[in-house]
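The same chain A turns up in both complexes below, where it pairs with chain B and then with chain C.
Presenting the complex of A and B:
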């Protein structure tokens, strides 16, 4: 019988799912992803998590609850660091502990530690450890690991062509291997969406922000469409290197977009009480104000679901850009 | 060059001593107050944690008094503190305050990076002088801690409430003005004698509460609504999981001196938190376990609103509480300063602990009644 591995559709799912899926399927396991976010999933998560936790962490709890009774084990890695000398966020460091101590009756949890802060090779160590659960053969683990990396590379290539990560994941699930031309997007203007992937690509949490923007005639680009070297170069303009990988992506892409002529405005999406966002958002805002070129909209989301406020603000922002253009 | 620095409890006593010893002009910011908080929150990001906002207020108030250089610590994450100085610099720049920031970062490539920074402050003074100055500041930290510990013991037992705090205030002043080791020793002796002379009722068995949490709000009475004093007034003996000198030894001397440090607390954190989570998250859990083993009656966790490591700890603390039968209480602090709510909650918590303690004492006194776990 194939072992069922559960992956919650939350947090780093939007960054690394293809790698995880590739790895586990190559080892002969069946990968099961939790359902798309619904009100029920979010409510359950909010109930189970500590009040002060941020929205994405609460949502993660909801997805774990959704999965736990239909899988043989859960994949909740402790992702400390995904590159040298940078971390994710303290909450990711404690995620397996938080989940284990707050949700009763969990299936076995695969909580391998990914810590590439000192050595990038540690990535294989983590996967090697996870692979041992499925097979004793180090060669098949190595092969599965390689396959996972290939899948991830394919995923990132699709993103760079112009797909958004949630679309790339869907395309890959449908069997698309590679594509060289950009997906066709209509629109009179292009807005850059800066924010954590798990906030902006989850259409329930972001209140279908991307869909709404597209309906209003906006082309949407995100940091995922940029190459890593642009982000690295741009974020290095800060006097001190930022030590959060996701924050660095946001700063680097914002610095790139605010100079790019093709971008009409930037929308910064943060979740209520997000620690790193409070700093990166502040720095982006101050730099953009000093430069004074592109307009910026700051959206904060939390578990409240009033859509009207978001729509009004988006409409006002887009109207403002149109007037600005007409005046030029 | 007029150097200033942010406040953190009584740390100013040490830093002032260190800089004065090296003949550097120091501007100690006014003690943190409502005005500090208002100035700080006005210019800081909304969701930044409380220490950043109060520090910001300290800098602005120091600038008003003529300071032009800020001495600040850095870090490499993942706690936000490591990036404080960068954000604060951006804010000061936009405000048009022309202040130079000297940020002491843990060296990334070579120790020389740190040495250059220290030289920027100290100028031409010899290393021997610098080491002597550090040593003197260290003694002051030890002195402050000793007095604070003593006050924690006396407060719940004193017959006339308030005496210990009066003397504490004076004693900090004596320690602050001491100019050499001898004067410092005299100041400590004087403070010790005055404290011991306070009439106390030693027959009282006070409730004992351990305070754990984020270092800044634990050490800064203004930020934590003077929780230690308030608990003392309610007849509680307070112990803190970390003192200033321990923090200095852990973070600035790299644990060089052998004394109680955060390592012991960290080792007690598994199986609750198995990995470091930045800041003091692991220490919070470890210290709670330590207090539970030492049979404290309760634990209070203090944290600034949105503090990431403490949120991890907060979500796991109930498990520690359940495993050890240890009542816990969270105090989350931000710029809102309504103290009535805090006092009511503290009173309720202390009442609860007192009843539990009395019930336990009664139960133990009666023979033939079997004790069982509180389920």
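Presenting the complex of A and C:
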């Protein structure tokens, strides 16, 4: 019987799922993803999680609860760092512990540590350890690891062509290997959406932000559509190197978009209670104001944000861009 | 001659205005919503109907405010616009050269930055309503003074007390403390005005370039104490335009005129809607774990509109017999 590995559809799922899925399926396991976020999943997560955690972490708990009784083990890696000299949010590195101590009756948790801060090769160390649960053959593990990396590469290539990560994942699940032409997006304007993937691509949490924008005639681009080197170069314009990987991604992409001619405006989406987001929003706003370039909208999403408030702000932002255009 | 109606259904007040073809404001109405937006709109329309000068025919109607979708369906609106845009439109036409708009309403407050007659930036208060009209309303009620007298009493203050305005819960306990210490009413009211202004400028106005002319509108602009506190904090003269408390409705009427002129006709259902019976109901859709609370408006035994569902299946669906049965079962 194939071992069922559960992956919560939350947090870094939106960044690394193809790699994880590739790795585990190559080792003969069956990968099961939690259902899409619903009110029920969120409510359960909020109830179970520690009070101080941010909304995305609470949601992660909900997804674990959704999965735990239908899988043989859960994959909750302790992700400390995904690149040299930069870190992931501290809440993520305590994730396996938080989950284990707050949710009773869990299946075994694969909580290997990914820490690439000193050496990028440490990634293999983590997957090598996880692989041992499935096979004693180091060659199979190595092969599965390579396959995972290839899948991740395919995923990122699809993103760079113009798909958004949740769309790329869906395409890959349907068997698409590669596509060279951009997906067609209708619209009268292009807006860049700057925010954590787990906020903006989870349509429940973001209150279907991307769908709403598209319905209003907006083409949406995100940091995922850019290459890593652009983000790195642009974020280096700050006087001091940022050591939060996710914050760097937001700032680097915002700095790129604010000087792209094709971008009509930038929307920054922050989670209420996210420390780094409060900084990134501020830094982006200051730089944009100094340049006097494209307009910026700051949105804060939270567990109890009314949808009407978001719609009002989006509508006003789009009206403003249309009005500006008409005046030119 | 043609006239155009603007309807602004907010959390606290419902405002209706009538403008003529040259965008002159002919008639304004400001009533309390009292949690019943449909009834408020109907009441307002009835009132306006009796006051329309003869020879004016309604050429268009626009809605705005947090109840804009609901009221848009009731009246048959030509344009349904968010309140940020309508306030900006009205200010840019009624206050020549305006560069900054402060708008403080019942539950929300906003700042709109205009440059060369075009909106350049805006912000709205976040989840908290500390710096808004309902805060003043509550404190006035607590002190037992009518809200209308709030400003004029505050103006008599010689040395306003400092009250923490960051959060209305803290402000209240701080205020009670100051009362117990023996500060006089005028100083406390002026302190509340300054607290609200401080909170507004630090929160909504954070980082915005506030340039004159500044227009101050929304229901709170009636409070001269707040106007003076703004002038003191900014060192700028603040203009409270005529019709300041119905500016959203004025903007909505202007946009309705624009739309109706483009399409050449109006969707206005006529003043008869004031007498019609509308029913607003809601039900919880149980088709998925989201359990959306769908809102449904019906009139004439027909369902007119539904919204508030995440997937769009209720709001988009044609209301067929099968669906209607299901709704009746649910209701």
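The rule we apply is simple: the second predicted complex is superposed on the first by the 327 of 328 C-alpha atoms of A that agree within 3 Å, B and C clash if a C-alpha of one lies under 4 Å from a C-alpha of the other, contacts with A are read in each partner's own complex, and residues count from 1 in each chain.
The rule is simple: a contact is a pair of C-beta atoms (placed from the backbone, for glycine too) under 8 Å apart; a residue touches a chain by one contact, two chains touch by 3 or more.
In this text, all values refer to a predicted model and were calculated from it rather than measured experimentally.
After superposition on chain A, the partners chain B and chain C are seen to fit next to each other with no clash. Of the two partner chains placed by superposition, only chain B is touched by A:239; chain C is not. For chain A, the partner that touches more of its residues is B, with chain B and chain C as the two candidates.
Centred on chain A, the angle reaching out to chain B and chain C in the chain A superposition, using CA centres, is 80 degrees in steps of 10. When the two complexes are overlaid on their common chain A, residue A:135 makes contact with neither chain B nor chain C.
Contacts of A:204 after superposition: chain C is touched, whereas chain B is not reached. Judged by the touch definition given at the top, the superposed model places A:324 against chain C, while chain B stays out of reach. Once chain A of one complex is fitted onto chain A of the other, the partner contacts of A:286 extend to both chain B and chain C.
In the superposed model, A:98 makes contact with chain B only, not with chain C.
In the superposition on chain A, contact of A:179 is made with neither chain B nor chain C.
For the overlaid pair of complexes, the smallest distance between C-alpha atoms of chain B and those of chain C rounds to 5 Å.
Annotation: chain A residues 272, 286, 289 touch chain B in one complex and chain C in the other.
Residue ranges on chain C touching chain A, taken from their complex, read 66, 81-85, 116-124, 126-127, 207, 209, 288-291, 308, 310. Chain contact summary for the complex, chain B toward chain A: residues 45-49, 74, 76-80, 82-83, 85-87, 89-91, 94, 103, 105, 108, 272-279, 281, 305-309, 311-316, 318-319, 332. Chain A contributes residues 49-50, 52-53, 78, 80, 85-91, 93-94, 96-98, 101-102, 113, 238-240, 242-244, 270, 272-279, 281-283, 286, 289-290 to its touches with chain B in the complex.
Within the complex, the chain A residues that touch chain C are 38-41, 204, 208, 272, 285-286, 289, 295-296, 298, 300, 302, 304-305, 307-309, 311-313, 315-317, 319-320, 323-324, 327.
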